[in-house]
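Labels run A, B, C and D following the written order; every chain starts at residue 1.
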């Protein structure tokens, strides 16, 4: 909880319309729709993605599959970084590292990602994933991601 | 291709029935069923998982979502490690790191994972994910994973 | 600065003498002596290591060599974890990941490491390295490390 | 051994004089001189660095300090990447991840690094570190590193 507050730093977006741009991009991710992930709070340099539990999201023991823990964490990092980019840029994941620290058991996962360093080409984000059961939240994964800005390659293909 | 051959090393399984045990565990992963992933070749210390492209597996540009690239890589590592465990053990992912080196464009992804170090408690696996289009394969991601053995905690809950 | 405060969490050491034990272990690291690293603040689950600049610690451009940035970060993580262990345990690094986010230029480096998850077998630490010039501090690296507890294998060989 | 052979791939250097350029850069690393590291075999996209054991390179149990294992691995990756760059470029480490898989005990360490993907901006290298005792070699660490090319910023400051 403290971490979430802590990650939302005083970044200033260069694109005043970043929220519409980010949410539009997320909405085009059919993968996130398939698993039922939703974008939550979004600020300049900060992004939350939530994943409610469903029986078809499980690993062999009936808990959230780690691949989806990673998927929402990676996506949250991408959009935390992308929120600080210009309207004509797009973003790609270069790499990330994730530690699974507790079983992903609960009624939903909450991935929170914050920009740690925003460079001209590369952005570094940190993330945490909480497994929530009602009001309780337990840290279930954490990590770091490196993202790259593709300058002047808009995320949404232009109509011609 | 060379890598795949190279990853399949001379490990000897302690459980002669490891293949049935691994494939049974994989079959219980509803997450893999949801996305349409299939387990391919399986050997002691080596595992392949394939993911055919579908429109609902995409990121915002219509390519495979990186979360699924990770999901099949992480799963392949888990089962490569698990193949070397005893029949009464189970496996958990401790952490992994993935680099995305090329766009995940193609008609299927192929994750190949091989054990690099098999210890009493921890196992380290390396993996590669290829994006395949017909006969062509291009490396699209690679990484390393650390897995932990949970001794005497069978993967499949016992009937009582 | 905020991060440093933030990393020092409310962990309780099981060994009341952890500070003497940790500082004694650090003092036996000839590698840290060679490069001139010093252990700073130490609390249960938290450790700082400082490295003053010297001309023989440089990479090809005259800045701190990244290998030493990593060396003090890894060491700080090891002792942050070890501070929470029992008097008869020892600690080993399993793996870590480090991002270099700014040039390591300054008159000293300060590595701060805090335990993020303390498990029975594995501990996960996060770390930051600041490059300091006088009063100013700039984040130059950050990362995550996984450590393992070796129960009942004391760090210091017993006299017989 | 197989890995070493395997890492040396068919890369073609754009700068015919890469070997002199790389070895000159390495020679300017005072850090490598301090610990006694030597560059071994060097090819386009491949680099070896060796570190003979000395009593002042140890951690608390008298083995090679993991910080130096990392230092030579990171350096080998940097020069494997740099060997493929143009004469006017320089190289920086973006991040790396290392797994320590066996104790670093022996009379020398040998880090071998090979380029896995050479992009316009980013290069990904894999590495292994062997602990050698006489003729025997044991894998003691392995990992992946991401490097960035700084185009048109020569590694060696020009005389004016």
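We take it that a residue touches a chain if its C-beta (ideal position, glycine included) is under 8 Å from a C-beta of that chain, and two chains touch if they have at least 3 such contacts.
Everything quoted here is computed from the prediction, not taken from an experiment.
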Practice item. With chain centres defined as mean CA positions, report which chain is farthest from subunit D. Key: A
Review point. A-D versus B-D: which has more C-beta pairs touching?
Key: B-D
Check your understanding: Between subunit A and subunit D, what is the gap in Å from one C-alpha centre to the other?
Key -> 33
Check your understanding: Counting in whole Å, what is the centre-to-centre distance of subunit C and subunit D, each centre being its mean C-alpha position?
Key -> 23
Review point. Roughly how many whole angstrom separate the Cα centroids of subunit B and subunit D?
Key: 29
Check your understanding: Out of subunit A, which residues touch more than one other chain, so two or more?
Key -> 94-95, 97, 99, 143-144, 146
Practice item. Spell out the residues on subunit B that touch subunit A in their complex, using ranges where they run on. Key: 25-26, 28-35, 55-61, 65-68, 70-72, 74-75, 92-100, 143, 155-156
Exercise for review: Would you pull the subunit A residues touching subunit D in the complex into a rising list?
Suggested key: 94-95, 97, 121-122, 144, 146, 148
Review point. What does subunit B use to touch subunit D in their complex?
Key: 2, 6, 97, 99, 101-102, 116-117, 119, 124, 126, 139, 142-144, 146
